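Each of the next two complexes has subunit A plus one more chain, namely subunit B in the first and subunit C in the second.
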Partner chain A sequence: MNDKKLIKRLASRAETSTVLILVVMIAIIACLQNNFFTVRTMLSYINSFTPLILLAMGQAVVIIAGGLDMSCGTTMALLLCIMTRIMDPERPVTGLYALVAGLAAAAVIGAVNGFAVGYLRLPAVIATYATSYIWLGIALFVTPTPGGKVVDWFRGFYDLKNIPSLAGIGQFVPSALLWVLLACAIWWVVRRTKTGRYIYAVGSHNDNAYDSGINTAKIQTAAYLLNALFCFFVAVYYAGQNGAGNANLGDSLTLQAVASAVVGGVAMSGGKGSVFMAIAGALIMSLVGRIIYFANIPNAYQTFVSGIIIIAAIATSSVYSFQQRRAQLKGGVRNG
Partner chain B sequence: MPLLEATSVKKLFGGVVALSSGSLTCEAGRITGLLGTNGSGKSTISKIITGVYAKDGGTILYEGREIAYKNPNEARMDGISMVFQNLSLIPDLTVWQNIALGNEEKKGLFLNNASAVRQAEEIIGELLPGLDVNRRVCELNPGEQQITEIAKAISVKPKLLIFDEPTAALEQEEVKSLFAYMRKLAKEGVAMIFTSHRLWEVLEICDDIVVFRNGENVGAMDFSRDGRDPEAIVRMITGETEGIHTAKEYHDIPDEPALTVQGLTYGKYLQDISFRLRKGEVLGIGGLAGQGQNELMLALAGSYPEVSGSVEIGGKRVRLNRPSNAVRSGVLLVPGDRQKEGLFARNSIYYNMIYPKLGLKKQPFFTPEKQYRAEAEEICRALSVRAKDIDVDIDTLSGGNQQKIVVGKWLPFDIKVLLLADPAKGVDVGAKRDLYEFIMNLVREKDMSVILYASDSDELISYCDRLLIMYEGQVVSQLTGPEITEDNIVARSMRVE
Partner chain C sequence: MDNRPVQLERHPIREFYQQNSKTLNAFLMCVLVFILGEIVIGAVMGAHGTFLSVSQVFLTIRLAAFVALFGLCQQLVICVGGGGLDLSVGYIATLTGICAGHIMNGQNSGVLLSVLTALAIGGFFGLCNGLLTAYLKLPSLVVTMAMANIVQGIVNAYVSKVAIEGNAAPALQWLAARFTGVFPNILIVVVLVTAVMMVLFRRTSLGVRILGVGANENTAYLSGVNVKRVRCAAFVASGILAALIGLLLLGYLGHASKDMASNYVMPSIVAVVVGGVSINGGEGNYLSVVLGAVVLQSLTNLFVALGWGDAGKWLGYGLILLVMLAAYIRNKRKR
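== the complex of A and B ==
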């Protein structure tokens, strides 16, 4: 009796299907790759998945607020280019300048996107697609060919072992994990403030939120600012990893971040979903590539198969919303 | 001094007068009923007071000072709270989150959720005990949503509370507990404005009433002084409208079924609807706005795949699960919202006329332009559409001419049943008469049948052979021939008999 109730409650939650898919994928990959459950493998996975996880979280915030950010990849690339351009390995203090400049640039980028979508009420897809070219253009101006330098201590943002004094901690704690935890902590706090509540309200029903006294444009701008902050984290992480900037680095990440959020159960219509579940979405998106690699699928079919897996993942996570719509019709909920 | 005094408030919507001179007075501790038919301006004046609309004239004094709020929240913070008919809730937030929305208390950096939940539980406890405040609004039924909306309005402790049709979605029991709560608020000195189409509710809860018709006050009644006379109220609402309709001649219609509907059900919008439509008959659908009339039209036109029930057209069973089935069977819809449902506004008259054909019939590979153009021009002449030629864009035409195109595009089809969903909405008087005359001629000549839903009862009286009154998704009564009068329609719609 109690078991049935529990199953029913779990089945009625959007998160369940996403977690289920993730578990299945981990099981598959654990079978394919014999050394999956080793510290070494885990560490390499965490290191390579972190950028997408962070971008997916930022994207989730924006989508929940009723927007979309088609510029998150180039935003990240621009911040990376600015920072690697400023830094001079001879003078460690320039690393600090780079961080400040990067953060300021992130704030400007978030504000511009937020202004276009929130205040000018431009369609989010088009507006941010347009701004993505602006960020890319500036990035190409700053760093025409991949290059730039970082100061030594910046490498610690990728791996604490790169800094002698922190190497001890670095043995046990990967930097990548710290970045994800930091992003989670920030969202955890925001979620409990007015801004966090209003982000959901604005995305769910913009007009009613406005009538309830919420400054909807301000809230959407806040969402874009938060997203830009997470892009900044990724930029710092990449700077530590690559030690150089590349204007074209982020291109492929943008749509992957959107897809990750959707696979994680964030509804494109806004107001629904969880930023934390976007992490699960990003893991699923990342694992797709690994599974295909270890399954020995011929090169020629890899892209094709990964497309099918992603569609299947999205379809599974939307079964829930389809069922809910039907239930609403039966119960006769008017505003859906 | 009255709490609120609105004097000759005026409001225009794109040149159309919604409110020509509305006046209203509210006093602390009194519940004032606001009555009138659809479009009489009673909602408009409420929305002007709370800042949803800006007024175009007149004065509103609140606590002795002139007010003009920019949005409902400003009014709410100033002590005027409104319960909206089309709710102002956020579907993805919980009940308590909605009740606190825009007015959250903080505890340090974070929101004080514990106190918000407590306050919500307190109010909900009196209005609808048993409603879990942790449920999300999109999971609630309409009644529970309405209660949440009311709780949201009450939570800010307003001095003036405006209810716009709060009871339409509520069950008897819920209405009773709402009334109990309203009386308690009145004792505490809160002034209230109450709008409802259900007359018995108004008689029970209000201290006095104000009646609106065509955008202005036509009467007022203080129940303690004048007594509670429902007949007099109905007369005030409808006005002296006898004698202005074109007299309808009723013919005998042979009992040949054109359309038989059995047990049509769609969610909660349509419940077990059955009727027979005879060949050559004009069947009216009346009742208060939003009782399922539009849904019935759309269901018959095949817009709802989930609909259940059986439909026979000319003795043959038809599945109306998609629009193309309905069109193939000769059931054609002239929708109420022509901009959204009936036309491609940015395309030309000609394109709009041929889309239905391209979509359905077996078409030659190349469209026979010449033939179709001639046909379209012919229809435009027949309907006397005022346009330069058939290549002008639809959105350059007037509302009446646009509606003629919506009707005209079906003319080349073999029309068995024409569904008219408020076809004259926003159409001027002359064009309205032309349109109806044309359709009634078709009925006589082509032996087709019509189902007509009109929000204006004049149109129903002038053109219908028979009238079904709908109420909350059901057909509740039927008027035949000379029985179709304004008084009868209003009485049956409000269920006063």
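== the complex of A and C ==
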């Protein structure tokens, strides 16, 4: 009897479906790829999925706060370009300058986005669409053609094995995993503060939150700042990986980040969802890409399929939350 | 006791300004940009530069024509409200251009079939956009962006199998690319479309319904307007128009290419906002969109003349969009 209740409770949670889909995806790809369960494959997957995971987490924070960020891809590209411009392999200390500059730039970007959406109350979608082009323009000014340099120790951000003193740890722990853990830790802390609670409140119902005395503009700005921080992490990661800056690197990532957050159960209307589940969403989106590859579908169809998946993901989320709302209304206030 | 009704003074000029303020603002911005361009180019290039000359102005308008036409798609979608935008117009135009190039193959006889193909392609993708946005209530920016990816995927797949070939029919080239004297022929299209749009929006019941749905969705619904159908129809119209613009682009460029129309999408949105069409829907006229497109194109010319290239262009577009959004569109402050 107790088991039945537990199963019913699990089944009614939104996260269950996401985890189930993830398990199915892993099963499919394990079938398609012979050497899936080897350490090398796992490592290479973790390394290539991490950017989307981090961007999806940032996007989830913003969407939960009631906004959207169409500029996360170009934000990341701009930060990457700034850092690779500043660094000079001859002088290792420039790596530190680059980190500080990148962090400062991320703060400015997050503040601008937050100001536009929170204080000016422009519609988030189109305001961040506008700012995405501002970041792209600046990035193209900084790095017109892919280039730039990276200090040697910076490469440790991508793979710890690149730093001689940490090579031992680097054998077991990929940098990518550390980045994701860092982001998770940050969010775990934020979630337990007043700001974290207010983020959910503001996203859930902006006017009510305001009437309760919450400074909604400040909270939304905080959400965008956090998102910019996660974009900064991705930029540092890419700098370590590629060693060069490319203004167009983020083009396809923005939409995928939004889709990952949605697939991870974050409701586009705001106020609902879990940033940790967004990780699952990012994994699902990335695995789909891999499945396409292993199913021998030609590369040209990739954009086509990814577009369809994004629409399917958002449609499903929208229909699901509509059903939930209807069920709540039918069930009475107690269930709401 | 004086019971005569009070005669209020009428200020025709002030009324005219109030009714058409956005259009006048757009026109003023045009003039401002031209003057600014003249000053800057004069300062930078000394005696050699002239920004403002009859041929330059016409060339600018010619380049702006396509942005203005794509702006029409955006305006239709925006006017029906709900924060609508259509980012898929670029790739719909590209796909149509590629298909039409094959069909026409440089002959005038192929034009009719091309137009029918355009209607089919544009209508199909427009319908997909419309159904997802109006009936499933998905956010249109995300839906149309994903749709753009899908159409881009189709274009990529097509191009990887079949090489792009076929030139535009001479008639189309005459319309889109040639001049009669100093006057670019494509302006005929723009002027015609402007006239049609002004009549549509101000005089016909369809236009009133469109604007009504955008202005207040609930009121329109209670008045018996099928809001979802009108919104869906707006996307279908946008798709069809985008496809037809693809034909014109084909005429302009001579032959199709994989990325024919992708650079027109963002400027079309900016042009609409600069033209003062409210993002929330329910108001706006096409003439101001055309003026907005001209402002944008002149600014682009300015950036190019200053040597800032692509970077300056995107930065400029982003800044202008943000500033104009802040100036014109604010969620009504309830507090």
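Operating definition for what follows: the second predicted complex is superposed on the first by the 305 of 336 C-alpha atoms of A that agree within 3 Å, B and C clash if a C-alpha of one lies under 4 Å from a C-alpha of the other, contacts with A are read in each partner's own complex, and residues count from 1 in each chain.
Heads up, the rule we're going with is that a contact is a pair of C-beta atoms (placed from the backbone, for glycine too) under 8 Å apart; a residue touches a chain by one contact, two chains touch by 3 or more.
These numbers come from a predicted model, not from an experiment.
*Asks:* More residues of subunit A are touched by which chain, subunit B or subunit C?
*Replies:* Per-residue touch count on subunit A favours C.
*Asks:* Go through the superposed model and pick first if A:200 touches only subunit B, second if only subunit C, both, or neither.
*Replies:* First partner only, subunit B.
*Asks:* Quick one: is A:107 in contact with subunit B, with subunit C, with both, or with neither? Answer first, second, both or neither.
*Replies:* Neither partner.
*Asks:* Quick one: classify A:209 as touching subunit B (first), subunit C (second), both or neither.
*Replies:* Only subunit B; A:209 stays clear of subunit C.
*Asks:* Please work out whether A:129 is in contact with subunit B alone, subunit C alone, both, or neither, and reply first, second, both or neither.
*Replies:* In the superposition, A:129 contacts subunit C only.
*Asks:* With the two complexes superposed on chain A, say which partner A:184 touches: subunit B (first), subunit C (second), both, or neither.
*Replies:* A:184: touches no partner chain.
*Asks:* Across the two complexes, what residues of subunit A are contacted by subunit B and by subunit C?
*Replies:* Shared contact residues on subunit A (touching subunit B in one complex, subunit C in the other): 210.
*Asks:* For the complex, which residues does subunit C have touching subunit A?
*Replies:* Residues of subunit C touching subunit A: 83, 85, 132, 136-139, 141-143, 145-150, 152-154, 156-157, 159-160, 266, 269, 279, 309-319, 321-322, 325-326, 329-331, 333-335.
*Asks:* Of all residues in subunit A, which touch subunit B in the complex?
*Replies:* Per the stated touch rule, the residues are 189, 192-194, 197, 200-201, 203-205, 208-214, 271-272, 324, 328-336.
*Asks:* Which stretch or stretches of subunit A touch subunit C in the complex?
*Replies:* Within the complex, subunit A contacts subunit C at residues 68, 70, 116, 120-123, 125-127, 129-141, 144, 207, 210, 255, 258-259, 268, 298, 300-308, 310-311, 314-315, 318-319.
*Asks:* Would you pull the subunit B residues touching subunit A in the complex into a rising list?
*Replies:* Of all residues in subunit B, those touching subunit A are 52, 71-74, 76-77, 86-93, 97, 101-104, 106, 109-111, 138-142, 145, 267-269, 306.
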